[in-house]
């Protein structure tokens, strides 16, 4: 019985360290985790630079194994000290945590040269560990909320962009044709989106006067188009901010019940009742 | 008489299937139509890729005939079951539906090699079938409404962009000249709009220090210019949202049922009934 | 005496035709003027295309003389029928109208080959006739007003953009140097503004890893920077719109004096007094 | 005693000239300082253009010494006439003022050829004198305030941009690979940010159909992403403006003099005094 209780205590302490951020140990755990994540991402990145890989291949490999083992231990500890492990396993962070460890283990099976591409892809999959960082930012920010609120509108917008791109891409394919780099309709649509979003690589650009005239129209449309998502998010975000402000400032008058007083109001603006005790 | 009634019933049922979306049959019709449209657009796109066209030419041709016949049947059914066929024929969707079928039939007449360009243009016209998709998005969205509301302002804005482009394009033509790729005033105007909209292909770019200095000014103007349509749509959209919010938050008057009261209203603005108990 | 009066009448009629837009003759004058302006700008543009100039040189020259004489007549008529000719001459449109005529006359003096550049510049000056179009748009639009209202802020913004550009341009010149296309500090500043405004020609682009890293920072700053003018104009514009709305909707209650009623309010929301007579 | 007082007077007068802007002497000092700063920056810039440096090297060197001595005098005078010199030395402008003088003096030590790079860097450091200009703009503008207010949100935003860039950059490196210019993951991330911010140099661009398809997705994401910081600054700025407006429109209480009342307030929120006569 006592052992059981002790065990539970031990689990609770571990839970506090891993999931909590209030105790010194919890903070230390978070800081170490943050450093290991950043370290592991930098390793993956530098490994892809041929010059560094040739020189430090051994060091990268050892580093990678150390990081993988650390993440494995973290994953097991998270599983051990949580009450509903199944829920954690299938949660967003559960999957991210698992994906942070398995690629390296799987590379055992693909070590043979014929699976080299799969091997390379797996090695790069480790970069998804950066998603572990999302945990540190906190989900209660307004950004995601205002993006979620404007979900439907963004879908409608993306839909219209695609319809316009398909139509204009086809017209440009007809006007410029394969001789000027517009090889096919999908390729023309790629160019249209490059133009419409004002990216403008210049790998393909209209050569004929008519093509340049249509391109000009597309750019001015792109201008109008850029306004739409900005307008949507901007308006949604402004509403979110205002709701919060009202929420914070809002006090109802105990006398007449009038709401939404300025945060520095001492008397009710409706009935003159004193709001604050001095 | 009875036949007539039966006929009407049959028509009403058909109308419900084709134009309605509430019955299971109506939903199924919409889903099939959606798939056929997307299928037909993908076919047109892939046909334009030489590699695919060489390999699957026969398959593309047969697919195209199947889609054309399906759209023809749809067009006739729409005509049959609607009360005012003339209004439908000359409506936006009536024209789109007709344009979705005729190009393939017309290709019979242009099969001879001398009309090849017209033939090619007709084949590509079929991509306009994508406009049939617009039907599925529904016209009651705020996007189009806020774009319509800011119509005049967008016209004024486009007008000023064109005036500025003509003036700056002419100056750049004078400064850089044909030796640096600014071949003519229309070509210079094309470059100015490419720069003003921040697309920046780089197919033409200023070479002289003075030209680069003016280009710098154009870009900073472009920055200011980008703000204007965004500001317009953003403000219009915010107004639309706010109107809707007021609508949602509004209390209905217990006396006359009028809705949309100001949040601080004490009396109903329609019948003068006292809204709040003090 | 009678002649004088007749003369005045004649002037008044002319004034109504030229400056007014309400009479049929005034409208006709405006439409003809609009066509002549657009015609003359298209001529100037096409003249700059070598292919067209070679073929239609004579036609362009005659067209240009006809347009110049028409604009000269217009200028004289405007001077004759206005009460304060001096004010008109030195007004924005007075100068534009004069500039629309003199370049062609001045070409007489520069016909000799040694003044060819000045001659060419003069010929292109005629494109400024497009500013005559501004008359048709009307100055009472909100666009210019909201731009004027945010004048100081835009100045501050442009100032900060320039400071940032000078600093970052110098750093990039130091990092990349003339070997990678960053020939001098002014050239580097040109590149920085091209990047900061998200134009991105690609005529110069960073080659060293450190340069690319700094370029990445500049771009993300550019992102933040793009938000500032948009935010300014957007907020100013929203305020302008709101002021107008309030202005239109605002009626004060004759009983209690409460203002800003909804446009469809029949009763005062403060005291329940009937606002509209039915 | 008298000398001390005289000395103090002399200091106070100097303080008024250097730090104040109200007296004619103070204004003159500011204008001269402004001209010297701009002159010195133009000199640094032109010095970097090889053509100008070859021709006017002597003139640039003398100019630079004159400017350096002037800034040294200014720095000493600022130190002399201020009450708390230590606070000034470690303030933003104190550091900027010191950095405006020392580089030229330090060049004495690096005149030997082996320290040429450090010497060149020092020479360019002088361009940071442009920060002295910030003094003239005044810190009480809304721009900086609304940027500061949205600090946390901008951090969250930049964080998400970086996470997205790392993930998409890795995917593009896998899809396109070194054969199409995506040499390494850091290089791919550079490309992703160039695309996401709609800069689009075109020094690297996707070649495979799959790469172009993913690039298209990145651009449309970039569109949505551009909306976020604009929305943030826009909404924050609108709030700042509105707060000011309320401030301007506010009536002061005749009883206690408190300002900034809500426009529909009937009673003073500070003392409960009745604001409106009924």
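Going by the order they are written in, the chains are A, B, C and D; count residues from 1 in each one.
Definition applied: a residue touches a chain if its C-beta (ideal position, glycine included) is under 8 Å from a C-beta of that chain, and two chains touch if they have at least 3 such contacts.
The shown structure was predicted, so the numbers you read here are calculated from the model rather than taken from an experiment.
Novice: Between chain pairs B-D and A-D, which one is joined by a greater number of C-beta pairs in contact?
Specialist: Of B-D and A-D, it is A-D that has more C-beta pairs in contact.
Novice: Of all the other chains, whose mean CA position lies farthest from subunit A?
Specialist: Centre of mass proxy via C-alpha means gives C as farthest from subunit A.
Novice: Between subunit A and subunit D, what distance separates the C-alpha centroids? Give it in angstrom.
Specialist: Centre separation, subunit A to subunit D: 29 Å.
Novice: Where the CA atoms of subunit B average out and where those of subunit D average out, how many Å apart are those spots?
Specialist: Each chain reduced to its C-alpha mean, subunit B and subunit D end up 42 Å apart.
Novice: Going by the contact rule already set, what residues in subunit B reach two or more other chains?
Specialist: Expected reply: 186, 189, 198-202, 226, 230, 232, 234-236, 238, 264.
Novice: Would you mind writing out the residues of subunit C in touch with subunit D in their complex?
Specialist: Interface residues on the subunit C side: 153, 156-157, 159-160, 163, 166-167, 170, 173-174, 178, 183-186, 189, 195, 198-202, 205, 209, 212-213, 215-216, 219-220, 222-224, 226-228, 230-232, 234-236, 238-239, 256.
Novice: Please name which positions on subunit B make contact with subunit A in the complex.
Specialist: Residues 41, 44-46, 48-50, 120-121, 124, 127-128, 130-131, 133-134, 137, 141-143, 146-147, 154, 158, 161, 186-187, 189-190, 193-194, 197-203, 225-226, 229-230, 232-238, 241-242, 245, 278 of subunit B touch subunit A in their complex.
Novice: Can you list the residues on subunit D that touch subunit B in the complex?
Specialist: Per the stated touch rule, the residues are 198-202, 230, 234, 264.
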